[in-house]
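These notes open a run of structures that come right after.
Next come two complexes built around subunit A: one with subunit B, the other with subunit C.
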Partner chain A sequence: MTATENPESASPETNPGVPFTLNGVEFHANDGELLIDAAKRHGVHIPHFCYHPRMTPVGMCRMCLVEVDTGRGAGLQPSCMLPVTPNMKVNTESEPTTKAQDGVLELLLINHPLDCPVCDKGGECPLQDNAYAFGPGESRFVEEKRHYEKPIPISDLVYLDRERCILCDRCTRFASEVAGDPLIHFIGRGAQTEVNTFPEHEFSSYFSGNTVQICPVGALTAKPYRFAARPWDLSETESTSMVDSTGARVALHSSQDRLVRIQGVDSDATNWGWLSDKERFIYEATDSPERLTEPLVRDGSGDAVPTRWNNAVKQVVEALARPSDPRRIGVIGGARLTLESQYAWAKLLKGLGAVDNIDAQLGDGLPAELVLGLPKATIDSACQPGGVVVLLGPDLKEELPTLYLRLRHAIQFDGVSLVEISPRVTSFGDTVAARLNPLPGATGQIAKALADGMVGTSIGRSSAEELSAAHKLLISDRPVTVILGRGNLAESTDIIASAVASLRRANPNAKFLTALRRGNVHGALEMGLTPGYLPGAQPLSAAVDGWDMAPRSRGLDTAGILKSAVNGTLDTLVLLGADPLTDFPDSKLAAAAFERVGTVISVDTFMTASTGRADVVLPAAMFGEVDGTFLNLEGRISPVQAKVTSPGQTRADWMIAAEVAAAAGGDLGFTTLAELRSDIAANVPGFSDVHWDRTGHGADGPVITGIRSWEPTLTETAPIPPADDYGLRLVVDRKLWDNGTMTLAAASLKGQVGDAVMSVSPADLARLRIPSGNEASVAVGGGDARTVVVMSDPRVPVGAAHVPFHLNGVDASDFLVTGQPVIDIRIQAL
Partner chain B sequence: MGYFEGFGVTLKQWGVGTTTKEYRGGRTNRQGEINPKDQKAPKPERVHGRHVLNRYEDGMEKCIGCELCAGVCPANCIYVRGKDNPVEDPKSPGERYGYVYEINYLRCIHCDLCVEACPTQAITETKLFEFSFTNRQDAIYTKDELLVGDDGKPQNLPWEDWRPGEDEHTSGWMRATSSSGKASFLGTTNWNGELGYGVRPSELPQDEKDASVTLAAAEHDHSDHDHSDHDHSDHGGH
Partner chain C sequence: MSRLNEANVELAQEIIARYPRRKSALIPLLHVAQEQNGYVTTAAMEHLAELVGITPAEVLGTASFYEMFKFEPQGKYMVNICTNISCQLLGGEELLHHAEKTLGIRPGGTTDDGLFTLEDVECMAACTEAPCLQVNYRHEYRLDHDDFDTLISELRSGSRPDIPDHGTLGLVRQHIPDGRMAGIDSPEKTGSPEWFTARSSN
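Now for the complex of A and B:
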């Protein structure tokens, strides 16, 4: 039984359903319910291999055969393919049923290697379990078994042992039906049938780890977990992934106080059991030798040397007390923290320190007004059958992969129509109902045209047909959800705000999902780690109990803080798990800021470029080591749980905040997590009845934010005219695998980071007379030219040039300039 | 009154002499012979002593690091970690080998369940229990200490008292059940050859064995023993 299987609940009160007899007892099934599900709901387990509740049944394995009589006499039928029909008589224990089960298992085991002692699945293997429970106990097969080369790598993360495969089609079905990466398939015939990749194409899917989890045998195993532990020495805790803001439910598995595996938990509201490989394998980072384990301070010679906590904390207090004015303190980061730690730091800095230069987003997010103030949708409401989704943002597969899977399913199976307003063609490909790829600067214009119904003529590359299709969907009476994100780091957020204003005008009932990629960034904004707000999206003028020193005037965002440092008006910079030197889009600005700023304090888990420049480093415990709470992009609250002991002298972030407060002679008002939670419940609107410790099946916490007493003020701005005939508009976006701190710290993941190239539409490349794959010279404005490889890519609109951020190869931040609404570059043949 | 009664026990023992004897560890006399006073008492064939990790006849380790022994151990004293076999220099046949193997003899209760669980007869128990340590480190036997030497014989660690011939019957031969999981070895050898001892003949059925020990006892045994649980088939245990 895999962790993704989850019984659905029925409502027999409202609709009595379909009567049927199961082992002599009368039950009712839901309309159209499969026999295997109905039986499970009534407590009868039918053994199975290929059936998976989140995928289309295929009837491959025949393990689920049961004796069914529909009035024409009893016969064996696969219960995973059979919807319950009225008065069907089912016997799961009859002689023919058990004989069929014996036969299926004997047949499966004929060529099965019985590697159980060295098989990673041994101990949690459905084939073992079913063989014991339903098998014949003896085999009549004494001949030599079929042999294949033992595990072959089908990707950097997954091994395939073809001898163990029982050809259930789960992995291949997942790859094509769920992930949309049909890179593995059955090949061969009869006894020689095997799962394999296509020649020269490895199974390089962002979701490959799911096949390991759903494989009912040990045929697919994960390289990072290979031989790391056996099921009986694992201990397990349910938690919430903090890799991105979807908040996928996960099970953390540890052995000997080390995290060794993460598995997806089937949560109806969020991830349906699926995980991206980043969410699945990121646990390796907790063990990284790069972890910070003791406090560091810079000594007289400029080296960071280990010190005692109280000395480090004393220096932090001094650095925070030294500036004459709280406006000379800047704080960047906080999305890594749990909700409780975010509140503790916000209370320390805002409530007691009057600092408002606090920003949890590093210039790559959305204005807090939009995130906090727009009416929220949920993932379920966005994916409801017959809905319309407007994607005003990035390629979700790159930024929020589990949300991508949910949306992909909704489009493929539930008739959801997707209107794509993205700077380039996303991974939804041809499944979209209308595709608009405005050039940077014209996003607002397209949205305005949709709102005004000015869709008779094409705008840029968006044709009149696409525009009018999008317009019709937007104003239809189907439920409309806008998924809002930052699809282009080189386009200012004012343009996005303008587009949002138009879309709201077009359809005032539209609901919003803010697709920000950083883990708990929604929690950070909610807890006040953003300029201009107190926790619960309250204005600075609000009176919050215990926040006596709260600032009264709005502070600076990350770009403002960095500029202030460059201007010499910033004395102390606090980094809450942030690395602006590599993570802020305009790395030149960040580097200049670090040159001029006074003291840098870093509260972090890893030695990053920015932490390496800090004067005081406080080591923090990370995901998997701390208890807390997560707020996902819907505003859904779910628990984060500790599984292993944090290394060295690391501490939970909220404890560090409390420590600093105490050393400064202040009082945060809490010394335990429970007291901290009561403080949040008492002072943050919406959090008064949160059940902090929910786990298990009730763990899909409620959506607790979303209704505000205020509305974001949005203005529609004029489009920015296209660049001159020679310039191209820059599109910079994120990939799943980038040189982020966590990815690099996870041994198996760092090899996934690819090389960035600049991609341009084939038409532009032809016009520039540059063969695809050649080097060219690229310059921004009158700046220095850089030599980069330019590729032709039909997904990029004519007039644009695309570079992913923070990969190896071309450094996109070379071209990004803070404060520009859009960026035009020039490409010339060398 | 009762105050003095307690001393009665002490007084009764006065001058009786001790029954606990110092273990003298096989001191030898000038001729190099073991002092007859220091002879070990004969042990039953199946006595459970400290473990060994066996090798195949070609020198490969039998242990595949499967952790079944660690999983079954009721005293939680075994710690095993598996790893991919190095391709160039495999330690054991197959994909996986045990790269950490430790038994803590401060905890081990010598129940032999690990021996029963082992799918490869890698771990077996010797008859040796005459070992004592003065520190915890010595008490935790590592893989290097448990593995048989290049001759296939158990290693004699400094704090152990091995006598000639005591290394016999340290191998897979000492399991109580056959490796198919059946409670009898009747008719089948069922243990693979090993370095140092090669292949051993199959064990006698219990009744014949009993008969070979004392006829009388065997006769008695027979009368109230039902051998119907003896199953000769070893096919298809999965």
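Now for the complex of A and C:
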């Protein structure tokens, strides 16, 4: 469990590189390095517009022309398209160069409206900056400029002002090359060329906000930020996105103590500067009027009324002290919290209260043993050129979009081969090297066949060719990474564990990335907010030095906690930013649990369905308002920073834990973040050397949870027999835009949530004689039938039926039952 | 709603089969679409996107690069009059003005009866026969104003069977028998030529 990374391992002595002369000084470039990059590394800035270091150069704008002599006489060459060759002589300051810059800028400005005073980009605009630094200062163009309708919305989030566009091809290149959503394009030709969507179509990409960030002029603007602030009024700090477990690096921008923008920061290790629109626009939730800002308690008539902190805390202490046995207390949630807050709550609950019924996952994740115990890969190691990635999990574009972009790049450009073992065809589409879409229940069987090399005949719907291609890749001596996730809420995690066992047997060197979607869930598990573990992934038997006590026996997970409530064996339920009534897959179980449970305490940022049922509500400060640390899916540590003041009486989660401890007469042993961090460093294995304040620009934190001293015990279980001829096996997975609390609280995002339909393969739908788009009757087992819309979708394997979770329209939780390995449904024409 | 009709879908499939990658067939398919409706309809572009597996935006982006694909209804006869240098010297501009007057439309316009669309174009590689024009891309050479009027009345009366409706490329369509199809494996399958690999690996 030590730092495992050393990014700068190439030693310059062995290969001095390509010698070249830059403005009269001798330098060396790396092999194949573009002149514009080599110059930048040696401190010479060459102005440019279209060049972007994370995209293929196209030489569109000619701003980067410099005078280059390769022995055949000096001439102007675009430095973004030109790899440095030996003994090249480059002059970026000569008269021909400056004249070229002057000319290019004059031409670019011919049709530019120069409406900088009313432009969002004004003040941070590359066109403005370059025009000042390198431009002619005056235009000779007296004719009429090109005119277009001023900004037109090309999606709900992005506006396009074609007059300002300089046709650099950044946005369009991003859409097709990086995001794989070529929904905007150059249209027309010559002076008539414009960027636009197809008529009446939207630029509906999960990544649309990136085009706004990389547009070198103000042609693309983000609706949530339009006219919200001027660049010189912004104050900025770097942080880590807590939207999902990738941990993308972001810059938080605030104006007058309000978050007004989030931008991607180019971190080599994680997001390369890209963000999903959820990561980018989620800040709107921070100052939503729906925020909880004061403690609430339920009064005699059952209404939640505001109260003072010490009264609320007193009631929490009573509710925690009342049960005779710590096993009568249950705690759900914790993935929203920073690592420090997670530790504080773990110490309060496990170290002072001996409670082990704690689960940061809501029945929609993976067994903690797998997440904590499997040997970890990094995103970089998974994406290394020539690697093999086995995706045993969900569509990453829906759950971890920035990880999806990294992997997509690795497949497209670095020869990474992807073996897809997902319940249905994912967004990687035809770029996969082998596609196996096992029916729920057969996932383990397929993995076992791959391990045993039994790939000569087809299994279910997976053909022999696909199976043997997958087998060859899995056992090849190329580096193999398994990306493990929960591709189907209707398939039990035992089946996934069994598949993992087979894959490990097939290739013991394989490394793992656990693709869980909840923000800081890896931090939560690492800090012990999961049954059976103490911080640092230690068993309950290991004593934590600074702790008074530890739970004696392994506690319950979320499903167990809810069941215990139903059985009347749970007195107090604590929600740490969790909303089981809407987020737990089996909503009937959650509802029954809330009926029976004694006291409910909720520490949250918004009034959710579950918080609405709480007896005591403690308002917490959230992302953007707290300092702390994030642990991403690689086990990489990175800082989360406060930018704005938290509203009302909200407090950081760790402070709430410390106060509850103090009110109960205990002592967590810290009153400041620094003391809390020293406590973690002293008591949690692996954290002794963490540099908590490592916040430099683009600094990639180290991976600290690489290898364990223990191994997860995994057994290969028997396959589940296929459904009968009438049944279809249920696949329930997630979409990026769902009715999550934060999405709904962000004004611009809530409209993105779509309607769920049930989709079935065209063959099955034909067999059932239901026309696509019609309503049909759907029932689980002998349960009540529901009427839902059924669509035909070739991405769903024959024999399965797919519904996304937690959208409007069809409610997937109607069909989900806890404790079933798989769920078979019946669809009948009405 | 003008997607490709059934016969044209079949034709499209045949055309697609000639190319190693589906999307390479886009330009010929755009011609099929233009032939069907006299112009490329929005619905046809969406249909082509489905057929070759790209987005409608990519279809429009590609199609709109070419002047000869039209996205709005055109006259049955597209009259292109050359006003480039050779034709201009020999009365091309006057011919255009005469056409404007006769037809009652400006370049880019279409007559109310939907018969004629007029365009002012650059050199059509027939300078030796200046001034010249094209009707649906079929040349007419050395026209004076009377010749123009005759041409128009012939077209109106339907006595020019050699000039098919706008959008028609050829009167005979190419068919490649299965046995004569060559080299349709994609580069991904066949691998790059040696010189290409050698260059990209250094």
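Criterion: the second predicted complex is superposed on the first by the 814 of 830 C-alpha atoms of A that agree within 3 Å, B and C clash if a C-alpha of one lies under 4 Å from a C-alpha of the other, contacts with A are read in each partner's own complex, and residues count from 1 in each chain.
Throughout what follows, a contact is a pair of C-beta atoms (placed from the backbone, for glycine too) under 8 Å apart; a residue touches a chain by one contact, two chains touch by 3 or more.
What you see is a predicted model; the values in this text were computed from it and never measured.
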Touching partner for A:P306 - first (subunit B), second (subunit C), both, neither: neither
When both partners are placed on the shared chain, which of subunit B and subunit C touches more of subunit A: B
Contacts of A:H201 with subunit B and subunit C, given as first, second, both or neither: second
Touching partner for A:G666 - first (subunit B), second (subunit C), both, neither: neither
First (subunit B), second (subunit C), both or neither touched by A:A131: first
First (subunit B), second (subunit C), both or neither touched by A:G188: second
Partner chain in contact with A:G103 - subunit B first, subunit C second, else both or neither: neither
Overlapping contact positions on subunit A, where the subunit C interface meets the subunit B interface: none
Residues on subunit A engaged by subunit B in the complex (per definition of touch): 109, 114, 116-118, 122-123, 131, 135, 137-140, 142, 150-151, 226-227, 229-230, 232-233
Residues of subunit B touching subunit A in the complex: 64-68, 70-71, 82-84, 94-96, 119-120, 233, 235-236, 238
Subunit C residues within the subunit A interface of the complex: 42, 45-46, 54-61, 64-67
Subunit A to subunit C touching residues, read off their complex: 176, 181-189, 196-201
